[in-house]
Amino acid sequence: MTTSAILLIAISVITTGLVLGVIFSLVAAGVTIVYGSIWLPNASNGQFFLTAALICWSFVTWLAVPIWVAALLTLAVSLPISYLLEATLIRRFYDVPDRNIAYFVLTLGVTQILSGIFSVTYGRWSDQFNLPPMIAGVTFIGPFPMTNNRIFVLGAASVLLALLFAMLRFHPYGRALRAVFQNREAAALRGVNVRAIYRLSFALGMLSIFAGGILYGMAYSFDLTVAWTMAVTAFAIMIVGGPGSVLGAVVVGMVFGFTQAGVSTFTSPTLATFSYLAAMLIILLLKPSGLFSR
Amino acid sequence: MTDLFVARDLCKRFGGLQALRNVDVVQRAGETLGMIGPNGSGKTSFVNAVTGELALDSGTIDFAGRDITGVRPHKVARAGLARTFQAVRIFARLSVRDNLQTAMLVLDDAANSLEAEERVELLHWLKLDHRLDAVAGSLTLFEQRRLELAMRLMMRPQLIMLDEPVGGLAPGEIRAMMQILNELKARCSIFVIEHTMRVIRELADRVVVLITGEKIADGPPVDILKDQRVIEQYLGTAHA
Amino acid sequence: MSRDTVTSGAWRQSAVTAFAIACMGLAPFGAAPAVAQSGEPITIGFISELSGPYSFFGTSCKQGLEFAEKKIAAEGGVLNRPLTFKVMDDQTNPAQAVAAARSLDVQDNVLALTGPTSSDIALAIYGYAEQNKVPFVVPVAAFAQLTKPGTKYTFRVEPDAVGWGYAAAKFVAARKAGAKLALMYTDNALARAITAGIKYQAEKENVSIVADILFPQGSNDATVQAAQVAAAKPDFVYLATVGAFDVTTTNQLLDLGIKPEQIIHNVGATSTLLGYGARSVGSNYGTFFDANLDNVTAEGHKFIDDFVQQVGRIPSYVENYCYNTAYIIKTAIEKAGGADREKFRDAMSSLNMVEPTSGVPISFDKNGARKEYMYYMQLTGIAAKSYTAKRLFYIEWAPETLPVYDLVK
Amino acid sequence: MRRYLRSAITPQLLLLLAAAIALAVVVSGNRFFAFVLGITMISILWAAGMNLLTGYTGLVSLAFAGIAGISAYGTVGLVMRCGWSFWLAMPVAVLGAAVVGVLLGLPSLRLKGFYFALSSLVIQTVLSLGFVYFIGLTNGDTGISQIPPPDIPLTGVSFHGIGFDLLLTFAAWLSLAATWAIAHSPFGRRLVAIREDEVLAEAIGIDVIRNKMLVFFVGSLYAGVGGALYATYVGFASPRSFDLLSSLSIWLMVAFGGRGTFMGPVVGALILAPVPFMLQQYDTLKDVIYGALIIAVIVLMPGGVYGTLLAYVRRLPSLKRYLSKQRGGVPNDGSVRRS
């Protein structure tokens, strides 16, 4: 193999790892924020990820708005959806002792309803969906041509992750949120309005998942099966990263992205998938509470 | 008297916090040993380390002539070292009877399990015999503390480590509990954690003082109360 | 839950319980048996993927079938009796499909079964059909095991997937002697069978396989693999990936400088062809029916026009096969002279007709396999809701040309 | 041991057995309903095993169907390729599946609470990928068709029709009897202790990890037996039969009926297993109805259908007393204190 061929593959691994990594990270951050605070294992995270991509697609296709307008509208739509879910279903379990199980069942029910609706609507209209590119053209990185659209996705996701970090680190809300992650009773004693924080973290988590879905839809074609793949990946990342740890979600999300991209250059992509799932089991064996847990 | 349990040079660090710093504690058989210190001084960490819930960074623990360093909690319990928890821990959704029967499970095969009449006597002593069918979570805190004690005694331990046994109790209940604990001395050795001097002074033969993970004093209660370092660093601030 | 829920919520609880019981109790009545009697409609069971991951194909098939059903009704039915199709959803789940087959067989006493578009579902029904002697006409499942030696009651309308690979290798060899071919495919039964056929025939045609990349189901990115393929400098890339990942892979190959003319899609369905986008014009795809073919009959054109008008997209081979399947069943019933399963089976066995939409002959060998054929088309243009293409290649072969059952188990 | 066996034969169980057989006989005239009933019986067996894990021990194992799949493929392989009798092949495959299950579960058995569920979800994904990938053993996602039903040893005939239905009914009953025996044994008590409070369980000398491993093994046996019966009953096995959705639906039967109650999962299986079959013609609404039913139960009946009804019935005689006492004191509402 020539040097330029090796370089081509090496750069493709890096860019793919980055793009997959930031999207995984966004979704996993959304899941981990909600699990870490409310104790809600969102089994429907994949369906909401898909919902975001489908809503964005619908705006572009039916309202014929530009893609960036559609993306912003979709993010805005996530807020009433979060509010509705929180007010009708999530809120009533805030004080139930074994609520993680109740929430799991609940979100499975939501998953079932959403996938039922999608499979008889979108699922019958097409077998795959595409969003138009945000920016056309390609940029050459050495011998490797990367589409500007994917560069945009990478940039946007990184900015969103940075914003999320900054908010958790510096904004008073973020500090309260982290106090709740660590110890909700102590936080309540210190005068933090725990319920308000729950509400905020649910909305924030959903926003993060929606952003992940939209950006995924921009980077790739998607179909209805992406929901389960993403749901499992996000859970795996959260387990390895540690609950409530956004840093863990990002680091492990990037590692997953790079593993999937990198291992497949040596062996078949199936073995690459096996490998990162196996890595997860090994990490669990060594550090059951997750890599970045406190 | 022989040494019942010997902890040597225990160290444990949580991130930036040194929870235990070269702590040495020796308890002799039949002796009641107290441990005091302010909140966060490492008392519970010490008990957790001894009973195997917390992995130590360094140090060794011998119990009844056996090295139990790094031994898992259920084995420590089976070896005859029982413990209670600061926040009372019972099977709240099960009945009192189920709680007690579950506590007896381990000893089904062991030679030192309690005979039936001993059990009756134990429950009578702890005034639980009329509450057997109640759901444990519905008991008063005092009853729950007694149930917790009964569950441990079902295992006929050589040593029981009590983590703040009167915490949260009303004044009258505290007196009753002190009475129970004094009678308990006849059944097994006691290691008791408190953050107040009052209980310790009445109960303990000897006291260990722990501050920020470090043992600063060790001796009979009377001496401890006079110890200048203890007064300065603990009693002086906590009970001014 | 606190106790006030117990008291004030009691009626709600009973309501839910009543609802649950009602669901249980009412559901069977929905499936009330319709006994086929003389003079009554002739009922065919149609089991397909109307929900779940394959819902697009099952629904497309159903749409094609409904056009034929209406047309047959307008033509006066079959043997002066209405021909009706009872539709069941298998949720893309084999156990559900077997249950549906059993329900249609036992409850509705249907003359024959048809419908599935996914190979594993078809194979699950196949087991039931062969065991219980129910004729089974498979419209769109390409798996050769459906017509393995000894098969009696199952008839496969779509050419088998090993043959698709055989045709692909022949096509590549015809385009360029000694061509270098790269394979990219998803880990599923169809793709495994196709690539087995390609590899078998490529050797005979002096086509060399320079890359052989298998993706697990649920893959989402193929950039690295596309780079590997680009580095291998193939003359052609054969893609047997599925759904959205197919479009993603295509785009990533194009991003990396592979020319559309070098890309061969295993098969072309309208929505996927449109999904490839304008930059894909020039790429090739295999098919069994296409609106752009010269041999589409007048009836075929009418079907295409009506379909476009009603559904909003051009029908592809899936809809075409399901449309034709209704006519195949109709012709066989006429030949059998009545609604008798054994006679129907014999009639299917000795059927000799042409597809009403394209004039391609239809006949089945003793195992129910069809005389195989395949087109290769080149995309020449893509608009918002339609595309144009031209025929580059056509091939026919007998099912026994290939050692199909050695190549796939 | 005999004591536990004797307590397994309770009137409740006998009644259940009688009802199940009666139902089988009644519907046997209609092979479709008999088939749905057969699947329901397998679901009861699976739900009983899942109940042991989830209900009694608090382990939510979402790799359950994957383990059933290993056993199913093992049994089918030994019967169809090696010509073994089903009754020899099944135990071997079931044991193999249970051992694989424990080995895969080993890392996650140390995880507390819900993390175990999430990691088992990942294990299920690995198994599903494996079923597709190891095509030589499983025939990939094509699946294995025309699987013969279990033979009746020494007769040369095999179970079919009502005989097979009765076999499944018997298997379901046996699984319930076994669950009953386990629930009322010291082992069962240890499991409940682990579910209620792992730390306390250890403090009173219960080896949490060992008992979890044991129950995981036993639960995998249920999964395996169900898997072998399922494949031979349906006559077809493919990765889709043993995927995450299958695991989730078995688990839902338990949560829906009532975790930790003996009868709850039976009720859950009886209600949920037939729903997809009964709604086959209502493809547009089915998933929505199914999902809404689940949400309705968790919101309105948090203890599950059976669990909530049971609590309701138990309160009934004391209702008056309860209402009159409502002003005084704080009665126990059974909620759990958490520290």
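Letters A, B, C and D mark the chains as written, and numbering starts fresh at 1 in each.
Here is the rule we go by: a contact is a pair of C-beta atoms (placed from the backbone, for glycine too) under 8 Å apart; a residue touches a chain by one contact, two chains touch by 3 or more.
Source: prediction; values computed, not measured.
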{"item": "Set of chains adjacent to subunit B and to subunit C", "value": "D"}
{"item": "Most distant chain from subunit A by Cα centroid", "value": "B"}
{"item": "Between A-C and B-D, the pair with more C-beta contacts", "value": "A-C"}
{"item": "Mean-CA-position distance for subunit D and subunit B (Å)", "value": "41"}
{"item": "Computed distance of Cα centres, subunit C from subunit A, in Å", "value": "34"}
{"item": "Whole-Å gap between the CA centroids of subunit C and subunit D", "value": "35"}
{"item": "For subunit A paired with subunit B, centre-to-centre distance based on mean C-alpha positions, whole Å", "value": "46"}
{"item": "Residues within subunit A bordering two or more other chains", "value": "96, 116, 119-120, 228, 270, 273"}
{"item": "Sequence positions of subunit B contacting 2 or more other chains", "value": "none"}
{"item": "Residues of subunit D touching at least two other chains", "value": "129, 133, 283-284, 286-287, 293, 302, 331, 335-336"}
{"item": "Contacting chain pairs - touch in the sense defined above", "value": "A-C, A-D, B-D, C-D"}
{"item": "Subunit C residues within the subunit D interface of the complex", "value": "1-3, 6-7, 9-10, 12-13, 16-17, 19-20, 23-24, 27-28, 30-31, 50-51, 87-96, 98-100, 102-103, 105-107, 119-120, 123-124, 126-128, 130-131, 143, 145, 187-189, 192, 216-217, 409"}
{"item": "Footprint of subunit A on subunit D - complex, ascending", "value": "60, 104, 106-108, 110-115, 117-119, 121-123, 125-126, 129-130, 133, 244, 248, 252, 255-256, 259, 283-288, 290-295, 298-299, 302, 335-336, 338"}
{"item": "Of subunit D, residues touching subunit C in the complex", "value": "30-33, 35-36, 39, 129, 132-133, 135, 139-143, 145-147, 230, 234-236, 238, 240-241, 271, 274-284, 286-287, 289, 293, 296-297, 300-303, 305, 308-309, 311-312, 315, 323, 331, 333, 335"}
{"item": "In the complex with subunit D, residue positions of subunit A that touch it", "value": "41, 89, 92, 96-98, 100-102, 104-106, 108-117, 119-120, 228, 232, 235-236, 238-239, 243, 270, 273-274, 277-278, 280-282, 284-285, 288"}
{"item": "Parts of subunit B lying in touch with subunit D, wherever the complex brings them together", "value": "51, 53, 72-75, 77-78, 82-83, 85, 87, 89-94, 98, 101-103, 105-108, 135, 137-138, 151-152, 155"}
